[in-house]
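The letters A, B, C and D name the chains in turn, as written, and every chain counts its residues from 1.
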Amino acid sequence: MRVAVSGFKGRMGHEVVKTVLREADLELVAVLDHEPKEKNIREIAEFNALDVPVYGNLSEMLETVKPDCVVDFTTPKVGYSNMKTILEHGVRAVVGTTGFTPEQITELRAIAESKKIGALIAPNFAVGAVLMMQFAQKAAKYFPNVEIIELHHDNKLDAPSGTAVKTAEMMAENREFIKQGAADEVELIEGARGAEYEGMRIHSVRLPGLVAHQEVIFGAEGQGLTIRHDSYDRISFMSGVALSVRKTKELETLIYGLENILD
Amino acid sequence: MRVAVSGFKGRMGHEVVKTVLREADLELVAVLDHEPKEKNIREIAEFNALDVPVYGNLSEMLETVKPDCVVDFTTPKVGYSNMKTILEHGVRAVVGTTGFTPEQITELRAIAESKKIGALIAPNFAVGAVLMMQFAQKAAKYFPNVEIIELHHDNKLDAPSGTAVKTAEMMAENREFIKQGAADEVELIEGARGAEYEGMRIHSVRLPGLVAHQEVIFGAEGQGLTIRHDSYDRISFMSGVALSVRKTKELETLIYGLENILD
Amino acid sequence: MRVAVSGFKGRMGHEVVKTVLREADLELVAVLDHEPKEKNIREIAEFNALDVPVYGNLSEMLETVKPDCVVDFTTPKVGYSNMKTILEHGVRAVVGTTGFTPEQITELRAIAESKKIGALIAPNFAVGAVLMMQFAQKAAKYFPNVEIIELHHDNKLDAPSGTAVKTAEMMAENREFIKQGAADEVELIEGARGAEYEGMRIHSVRLPGLVAHQEVIFGAEGQGLTIRHDSYDRISFMSGVALSVRKTKELETLIYGLENILD
Amino acid sequence: MRVAVSGFKGRMGHEVVKTVLREADLELVAVLDHEPKEKNIREIAEFNALDVPVYGNLSEMLETVKPDCVVDFTTPKVGYSNMKTILEHGVRAVVGTTGFTPEQITELRAIAESKKIGALIAPNFAVGAVLMMQFAQKAAKYFPNVEIIELHHDNKLDAPSGTAVKTAEMMAENREFIKQGAADEVELIEGARGAEYEGMRIHSVRLPGLVAHQEVIFGAEGQGLTIRHDSYDRISFMSGVALSVRKTKELETLIYGLENILD
């Protein structure tokens, strides 16, 4: 597939460029950034052996290069209008920005369907994290007693993590409500039993040396089931991006969420 | 549901009796064993507050008591003929013995379908273990690099465990073949890299104090995904038995394998 | 060694009897209980192959049987007076009850030293748990960033567990004070960051199927160190009791705490 | 302390320079390399704000700068002669190269003692890994049933890892010999039970995404004890280097092995 990367100078876009170059069935045909000073990617030391045009204007790039798919990692502000432009040109799109409203998604899906092309928006391309959440959701149907331990580096400001809350939400949809722990349990030191979400408990560990980790622990009479995801590096998102690019060839609609293409 | 338990003096059958007594929507209406000396379960000290007839003949029990479902934990030898008798009497059956041939399963399924009743045969009723295997199979599609560590008490004779091999088989069906490890890796001490199964590696730990545990560890650039099941006690099988009994009401065929009713 | 067991009908005492019988170098010479109806342990079905006298009076037992060591698992009330009686008879003692005052310990130690015999009082005979606490204390000197996760069955009423608090106390003695986590971290759901003890965090998980488990997780730039203890059964205390009995032969004083004989 | 770094252009030496700059009580007073083209470290872009002389000759540096301590990360070939030169100048030394013979160590220790200065040679500065090995050695005395699982990235060629074998050696010194597993256990697939070392078993997991990890799992009746070290980055060695530099001030001899200064 002939792939263009929009936002190629950002941290994620930069990884996407390297991923497209590495994957045998993907070809890098153009890159795009806001007011670039380069004309060709070879002007960047790291890519001096390549010959790929750099564009500052999305429509011009789409009309000139005619890629099979555009991968867009820009900002919530321009993500929506970029995707609209891409789809209206009849080109497949994989977008990694957040902040789309339901109305915007509905509108974009209608365009994708009228053009009969595939598109995917995902706030999270970590296949492993998405599988962890899916598995947790399924297990919660059979094991309503569950606690989450999420572990991050100690610079992280918010607790619990967004992934932990999302996991708890997904489990709550599928789980018989139980308020966990003994009915008359007592916290000798406040906070020992963690954060409560729909009767489940979430514990946030913060330590130097850690990156982003989560354990979902289910307990039942005589058994336990644990699902753990460890994320060390943003490179972990790239297999999800490559998977999404390939998947757009099979689709004639817009999908929201990586979980909906993991079958 | 009105439930009868066949093989009620065996270790599993005994747990099933207690489970049926504990679950509010299940009623124990009869128990069966080979040449029992008791006429009523109340003659057994543990159950002296109950009033449940004991039978030595399956057909007699089915015709007299007319249960909604029979749970059978006997031996591979009699499991097949018991199930046939139960189904021919138009009674639902949950059978926990192994050793059925494909032909026997086909024959029994035909009877269940002609009688329009549900039936289930399962070699393993541990919901947690079955979920672990299902999750591992799904993840193997996206993460072909995977190793299994199974840990058991040190009286266990065979290594790897049956569950580990079953898990590896299920993953192999869904996984791109990769021979794992460095191409030129060297074992300085023989066996360090474990048992090989289709390019995957299985490691068997045996220690006193352990019961039955398994970890399936997936690795990819920048991330890891681990699924672990801990089994401490055969009571862990009972939620799977109760689930199966209830499920037979919804079915009009015979299902082989607990995994096929976990949706 | 010729060993007598005081409080042999209690849950712990009963395990001690079985342990003394199992260990080749220990011989069971007498058992003691409050107003026993048996004269000999053989009157108890489980021990019908033995021939060991049962006593109701400690002094009588000490004078008649002259054991090398008495193991006492009774109650805090009588533990002190029992130990005093035993030591005054010049007999070694291992006592597993809690509630001794510092004055009582000083007094008993003086008796042991004047008689030149060994004695040991321990609130906890789980060698593994004591090692975990010792290791955690030592590691805290080099890794001041540490969190504790303790996991127990969901009938446990208090959180954090006594062992978790004891571990934190021992680490605090040896650890440079740090208030962990980001200075401006925010709990989006109250309790997410757990209980605080001297700047460290303790998280209490409660799930069915669990028994008593604890993880102490240290984090530093580029590395992590984790110490975990799993306790499944009170039988785990018995190796500590046997170790203590043997150790009294080498001592000419009273030791408080199993940790002080683990060198 | 006034510290000089020898081999400052190597990967470890470079980290040591950054560590000395970061630690408030350490001052970088000189750096040394083989035939350097720079005269001052400020000629290197990363360090352009500093003013530290670069030397190509060790004796000249020692005589001109008179540091309190030299940290040397060079090669086994020059490590010995460098250390000898440093000590003979009456300067403390911390050396991170391997390959010293016992005779060389004895000779160097004699010099350190005659000069009444501290020195340390260590093949491994990872405090966490050293603590793991110490704890494992101690626990092996009480828990002779133990298995090691070491997990590394899948480019690693040798299995088991050097750390795993070193850990097993240290445990063997302190452990009652037991051949683990059931006497008549059978490997259904060869290698399942791992590598054998003195009756203990070692399992080597190799997966992409992993760095360097090790678990030592002890099992006994009713309990388990696990010690795990995770190493993500060579920065993890730096706290051990800083600790060693400070320790040389307290010593009047040469110590071999970081474990001997962790009290």
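Quick notes on this structure:
The rule we apply is simple: a contact is a pair of C-beta atoms (placed from the backbone, for glycine too) under 8 Å apart; a residue touches a chain by one contact, two chains touch by 3 or more.
Please read all numbers here as calculations on a predicted model, not as lab measurements.
At the interface between chain A and chain C, two copies of one sequence, more than half of the residue numbers in use appear on both sides, so the contact is built from largely the same positions. If each chain is reduced to the centroid of its CA atoms, chain A and chain B end up 36 Å from each other.
Note: centroid distance chain A to chain C, computed from Cα atoms, is 49 Å. Work out the mean CA point of chain B and of chain C, and you get 39 Å between them. In chain D, 209, 218, 220-224, 230, 232, 236 are the positions where the chain touches two or more neighbouring chains simultaneously. Contact topology of the protein chains: fully connected, every pair of chains touching. Against chain C, in their complex, chain A makes its touches with residues 145-147, 149, 151, 154-160, 165, 180-182, 184-197, 201-210, 217-224.
Taken together, the chain D residues at the contact with chain A in this complex read 209, 211, 230, 232, 236.
Within the complex formed with chain A, the chain B residues making contact are 126-129, 131-132, 135, 138-139, 142-143, 218, 220-236, 238-239, 243, 262.
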